[in-house]
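Encoded as structure tokens, here's the structure I'll be asking about.
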Amino acid sequence: MTLAIELRNISKRFGSVRANRRISFGVKTGSIHALVGENGAGKTTLMNVLFGLYQPDEGEILINGESVVMATPRTAISCGIGMVHQHFKLVPSLTVAENIFLGMEKIRNGLIDTRAQEAEVAELSQRFGLAVDPAKKVADLSVGAEQRVEILKVLARGAKTVILDEPTAVLTPQEARELFTILRGFTAQGMTIIFISHHLDEVMEVSNTVTVIRDGAVIDTVSREGLTEDDLVRMMVGREVNFSRRPRTPNEGKSALRVSRVCARDGRGVPTLRDVSLDVGAGEIVGVIGVDGNGQTELAEIVAGLREPSHGMVEIAGTAAPSGDPGAARDLGLVHVPADRVRRGVDGSSTIASNILMGRQYDPEYTSAGIVLWSRVRAAAAALIERFDIRSSGPDQVVGKLSGGNMQKVVLAREFSHGAPVLLVDQPTRGVDIGAMERIHDEIMEQRDRGAAILLISAQIDEVITLADRILVLFAGRIAGEVSGDTANEDEIGRLMAGGSLIAEVAA
Amino acid sequence: MTDRSPEISDRRPLYERYEHLIGQALAILIALIGGTVLVLLIGENPLLVFATLVDGALGSPERIASSLLQSTPIILSGVAACIAFRGGLFNIGVEGQLYMGGFAAAWIGFAFQMPPVIHVIAGLLAAVAAGGLWIAIPAFFRARYGTNEVVSTILSNYVAILLTSYLTIVVFKRPGGWSETPGIAETAYLPQLMTYSRLNLGIVIAIVAAILLHLFLTRTPAGYGMNAMGRNRSFAEYGGVPIRRNTFFILLASGAVGGLAGGVETLGVHHRFMEGFAPGFGFDGVIAALLANGNPIGTIGTALFFGALRSGSLLIEVDTNASREIITVFQAIIILCVSAQILIRNRRDSTQGERRWKI
Amino acid sequence: MEDLDRIFNIALLAATLRTTAPILLVALGGTFTTKAGIFNIGLEGQMLMGAFFGVLGSIWTGSAWGGLLCGVAAAMTFAATFSLFVVTFRANEVVVGLALNILAGGLTISLTKAIFGVRGSIVNNGIVGLPRIDLPGEDLLGPLERVLSNHTPLIYVSFILVFVVWLILFRTKFGLHVRVTGEKPEAAEALGISTARMQHLASLCCGLLAGLAGVHLSLGYITMFAENMSAGRGFMAVAVLIFSAGDPGKVLAGCLLFGLSDAISLRLQSFGLSSYLVLMVPYLITLGALFALTVHQRPRIFRETLQSLNVMKEGAFASTKRKTSK
Amino acid sequence: QDKEPLKVAAISGYFSQGFGISIVEGLNRAVDELGVELKIVDTGNRALDYEEQFNNLAEDGEYDLIFVMGWELVDALTKTSDSHPDQRFIFIDGVLESENMTYIDFLEEEGSFLVGALAAELAGGKVDGFDSSTEVGFIGGRDIPVIQNFRMGMQQGIEYVDNGTELAAVFAGTFDDPAKGAELAMTLFDQGMPIVYQAAGPTGEGVLQAAAQSDGFAVGVDIDQCPSAPGHMLASMLKRADIAVYDLIEGQLAGNPVVPGTVRVGVATGGVELKICDDIADKIPASVIDAMEKVRSGIADGSIKVELGQ
């Protein structure tokens, strides 16, 4: 059996982060090879190295047995490698055909031959069973269609090996299943697939071989035959993971956060939230789950006051929060752990102490007679660094140089130390290692135990099952169903996330 | 804007803390080399030119005072620019605010009779108000509708210069005079600091303004919020800093200080408003602020440097055959070198896709 | 009314073409950088360099076309410096742009003094201006002949370029890549299109047109160089670029608006209005347009609210857009 | 016993523009023919600098004569002159309050009166080769007092002829934008004005070029601008600063030192005159030439008074 791709001792570091450490494995021609590992394990980095987007610090890449230096993506493309990125790289203002032929335009008389390009896209989409309208603007496409465009882009470049980085994260299970059919079709034509996923069931369903990466290093490469999901989990995390539910206390607090009939639209006017209502009581954790792009981001932003709903309102601790005013929401007692911590949660260019102060610069604890008492801020920061085990050189460390997980801990430390009555926690463990994840979960439980109302937004089913008292499933901007935390199981939630049972269970 | 937020002072190693200073010194060196080549090109002796430059800037107490005098409006314009800059905004209209403030102060000076100290204060307040009002409309549209403030403030510069000319020449012209208003009452003069120079209280006002801004930014909660806005707008928004309101008031404050720069100039130096009384000071201030990376204390330094260059260039005109415009060329080269930070750019970050300032 | 006739007549159209052309040329140059995602406030300086070296080149070579080449080359040198600092050294584009503007001012004055002994303007000295073009077929054009004929070539070029630039940006590979670089650089990089290269090239294209604009000022519109003779036209172009988002059609509209208001304002003085007030008119109109356009983008909130109400009426069972789009 | 050559300095922001050029011409002639030493200082346009520049010049008492031109320098000049009472300053083109200085006052309004009279005769007189019109034009650089002097003189010249011709006066708002000057001039020519007079520095150069383009006639200012647009230049209103400056220096050397007081230079002294361009002279009917000569002598002998301040 020939190896389509072989990686030897690939290492890549970003500053102090060692994203890949001496990674070696081979991918057989005509197989579907899965790459699994925790968030931040280094999968995307490795694929970017393979695709020539990053240069490895050391190591060698062999294509069909020949060593190749992947200087740029062009080299990779000419080696027959194509990549569908985790975050799509499509240009919204261009048409499907223009996107697909970007960089290899068909030229006639010096101008781009739109008609020929569209004809060829139509032909390709027919041949591989990927339905798209070549003349449509990408801005007007659904996520699933965008992904088909990404795949066509790769095929149009004559790729023999296709890398798919978390292709199913944005898909409904049905769409995912269609994708798998297509992928199997590809291998039948002799193509090779590398496929990254967090969904172990998908991995089990579709792959021939699995490579597990942990902390940037390869744990093992195994054949799917005879493998169980539990084996995979053990290899990924390094130990048995306790998926057991946290103890729950019945909710007797009164409503502390109420969202009533909220609607929102994106820039194009497409509805992103449709008539969403929910209620979180003091001492209760309400989990909101959904596949990315089904409205969680918008919901979180509206609750935090960062986005104006086109309709509806948010009440915090019994008072209507003025929409689009995050300061007011904070004053009413809401704290927020944002999903996008790099852009929103921290100011990377300033110190931990300075980051800790945000939102509390007028707090008499840190300010007296209109002067910020930096010594106190620094002392508080030092205490929080201790308590949250933030690995840093101290309060004066610049946040931008912290690792992602530690950055997240800075955010949590700031927000959770307010003793606020309402917590909005958005994707708290994304990109956080498993040890830290447990600590974060502990902190969230602690906050609930002291009586805070917590709205937990997550894309990970196990996380909401572990923590939440009640689980709301968002699908296409609507609450597709509510499940009790005690009785929830992944199947049921998964079905709701896919929009499977809108009719059966409309949120009360 | 990627270079907009200055590194905050912290307990970094000494080298890191001062690496930008080292970089700037090297940049000036490169600029000097470039300047030398240029001076040679136009057929002058570079040593003579540089020596004359230094002599003209620092050669005698009068000349030092004159350098300080030249720096005064640049420091104040620089502080005005810093305010916007630190709040993540861009006020390129300092020039226009300077004209408006200069005119307003002069108007108070010549049109009203007041007791001594009060007259000066009234004049300066009028300058502040005029500068603030002049930027109010662009500020409102920036805050409310996101209208690009760079363009609106550039355009208002033209209008301000024409408007003050109109007021000076058509409405308030001194009979029989050049294009200038009547002189202001002596009660409105900013006191001179020494007999042999026109250097006046303005330099003190300017330095105090810079220090106050520095203290405001580093010591007060509002300054903290404003600083955060400049460094990472979404972070500040998320943290509850009222972005829109701040945007409006930051621009307003920036314009007000720009107006003050003009007021200090008319009350302290010219004792009347004359058209073309301070061309280019607003732009020099903006650049001084950018070079100091928005740090008001640093702006004092860069502005003093520019003032010395300007003052030194006067002697160049007298003692050599080079045009004093050669100084603008030096200035531009220095700015380019410093902005590029060629020598100190941290290459480790180069894999990160950097977002440029978009329209 | 006789007074109105004095303003709004056929000569106004010709004047509008003339006042529009220099801004249009430099703004069209700016479309390349704007589309490539660079904010180019250095247009003024590039234009001034074009004007100055246009005149120098014309004197040296004794030919207007030699001057044109020199002017364009000088402006492109400036543009290359701009992109070197902005793209390669990743310096702040506003700082670099402003610094280059200052540099252009200082350099042209210093060189004037070094070469001609005095600063100020360069007149005569053997400058050869661009020829004027008489359109054939006077009978065909009728009264339009007065509007359209007897301009220097760059006026026609500037208006033709609107279409050409549009064609380049929207119909050629190069233009497509420039646009992608500005809109979604990571998409370009992922396909092996070097965004840095595209930005350098866009900047060079910009320098080319800005240089033409400068040459048009000093060898076309008139035949001389004067200190700072670009007189803020580059800054006006920046303003037009921002509210046109760099679309050639809108750039044309914006420049025509400014050119027309400029041409009208020149005529308004015969009504006895003070020149100072009249000269403000073009800036005020442009500012007004800028504000009006940004405000115009806002009422969407109202529309969104109405639409949301409709969504709620649709009821919970309506099929979603995402599903049906499949 | 004085072997040292005479040292002369001149300071202004306008040495590159018409009037300044003619001052420099006079100074250079003095250098060539009289062997004086000359330093020319360009002030630039920054008001804050002027005083320092004067101090730099006056400090060492190095210069025997310092020529100054430009109204914006007045303040700084007065101050320096007060603190250096022995320094001889000659202010060109105006009279100030200080009794310590020498003034050369050019009567540009008299020359402009001649321009107005000529323009009215030609435009309103149905002269062959000139379009007849009820209007002639004036383009000023900026609307400032000195430039208004030109306008007022021209206005009175037109009124003196009294043939129904009127003046359309406009201002470019800048001395540095020749393109705008050209555009303004084309506007006036398009409105049917056959003759346009400019007092606008480099902006005015654009006016002259526009005359050639629009097939009109322009009148130049300060120096002989007739070569700027051959065939389309009617005349140039000359302010002979070169002669005035040279004469003063020559006098100083000849033992007739420059003293405080005012030297008035106008049509009477020949320092201000209207030069009809050679290539156009034969187109102008003798009757007009005669009329102009009458006006000229009227101004010279004081029977025609040109007023300012209207």
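First chain written, first letter: the chains are A, B, C and D, and each begins at residue 1.
By definition in this document, contacts are C-beta pairs under 8 Å (C-beta built on N, C-alpha and C of every residue); 3 or more make two chains touch, one makes a residue touch a chain.
Everything numeric in this text was worked out from a predicted model, so none of it was measured.
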Fill in the blank from the handout: Contact steps required, at the very least, to link subunit A with subunit D come to 2
Exercise for the section: Spell out the chains that contact subunit A while also contacting subunit C. Expected result: B
Practice task
Determine, using the mean of C-alpha atoms as each chain's centre, which chain is farthest from subunit C.
Solution key: A
Fill in the blank from the handout: Most heavily contacting pair of chains is B-C
Handout entry: Euclidean distance of C-alpha centroids - subunit B vs subunit C, Å
Key = 28
Practice task
Please work out the Cα centroid separation of subunit A and subunit B, and write it as a whole number of Å.
Solution key: 45
Problem - subunit B and subunit D: spacing of chain centres that average the CA atoms, whole Å - result: 37
Practice task
Send over the residues of subunit D in touch with two or more other chains.
Solution key: 42, 142-143, 173
Problem - Where subunit C touches two or more other chains at once, by residue number - result: 119, 186, 189, 274, 276, 279
Practice task
Provide the full list of chain pairs in touch.
Solution key: A-B, A-C, B-C, B-D, C-D
Completion exercise
The subunit D residues in contact with subunit B across the complex are 39, 41-42, 44-49, 51-53, 55-57, 71-72, 74-75, 142-146, 173
Completion exercise
Given the complex, residues on subunit B that touch subunit A span 5, 7-8, 10-12, 219-222, 224-225, 228, 231-232, 234-242, 348, 351
Fill in the blank from the handout: Residue set of subunit B touching subunit D in the complex reads 56, 62-63, 66, 69-70, 73, 162, 165, 169-170, 173, 177-179, 198, 265, 269-270, 274-280, 310-311, 314-315, 317-318, 323-325
Practice task
Could you please specify the touching residues of subunit C with respect to subunit B in the complex?
Solution key: 34, 37-39, 41, 81, 85, 89-96, 98-100, 102-103, 105-107, 109-111, 113-114, 119, 185-186, 189, 232, 235, 238-239, 241-243, 245, 274, 276-277, 279-280, 283-284, 286-287, 290-291, 294-295, 297-298
Problem - Residues of subunit D defined as touching subunit C within the complex - result: 15-17, 21, 24, 42, 140, 142-143, 168, 170-174, 176-184, 186-187, 190-191, 201-203, 205-206, 209-210, 213, 227-228
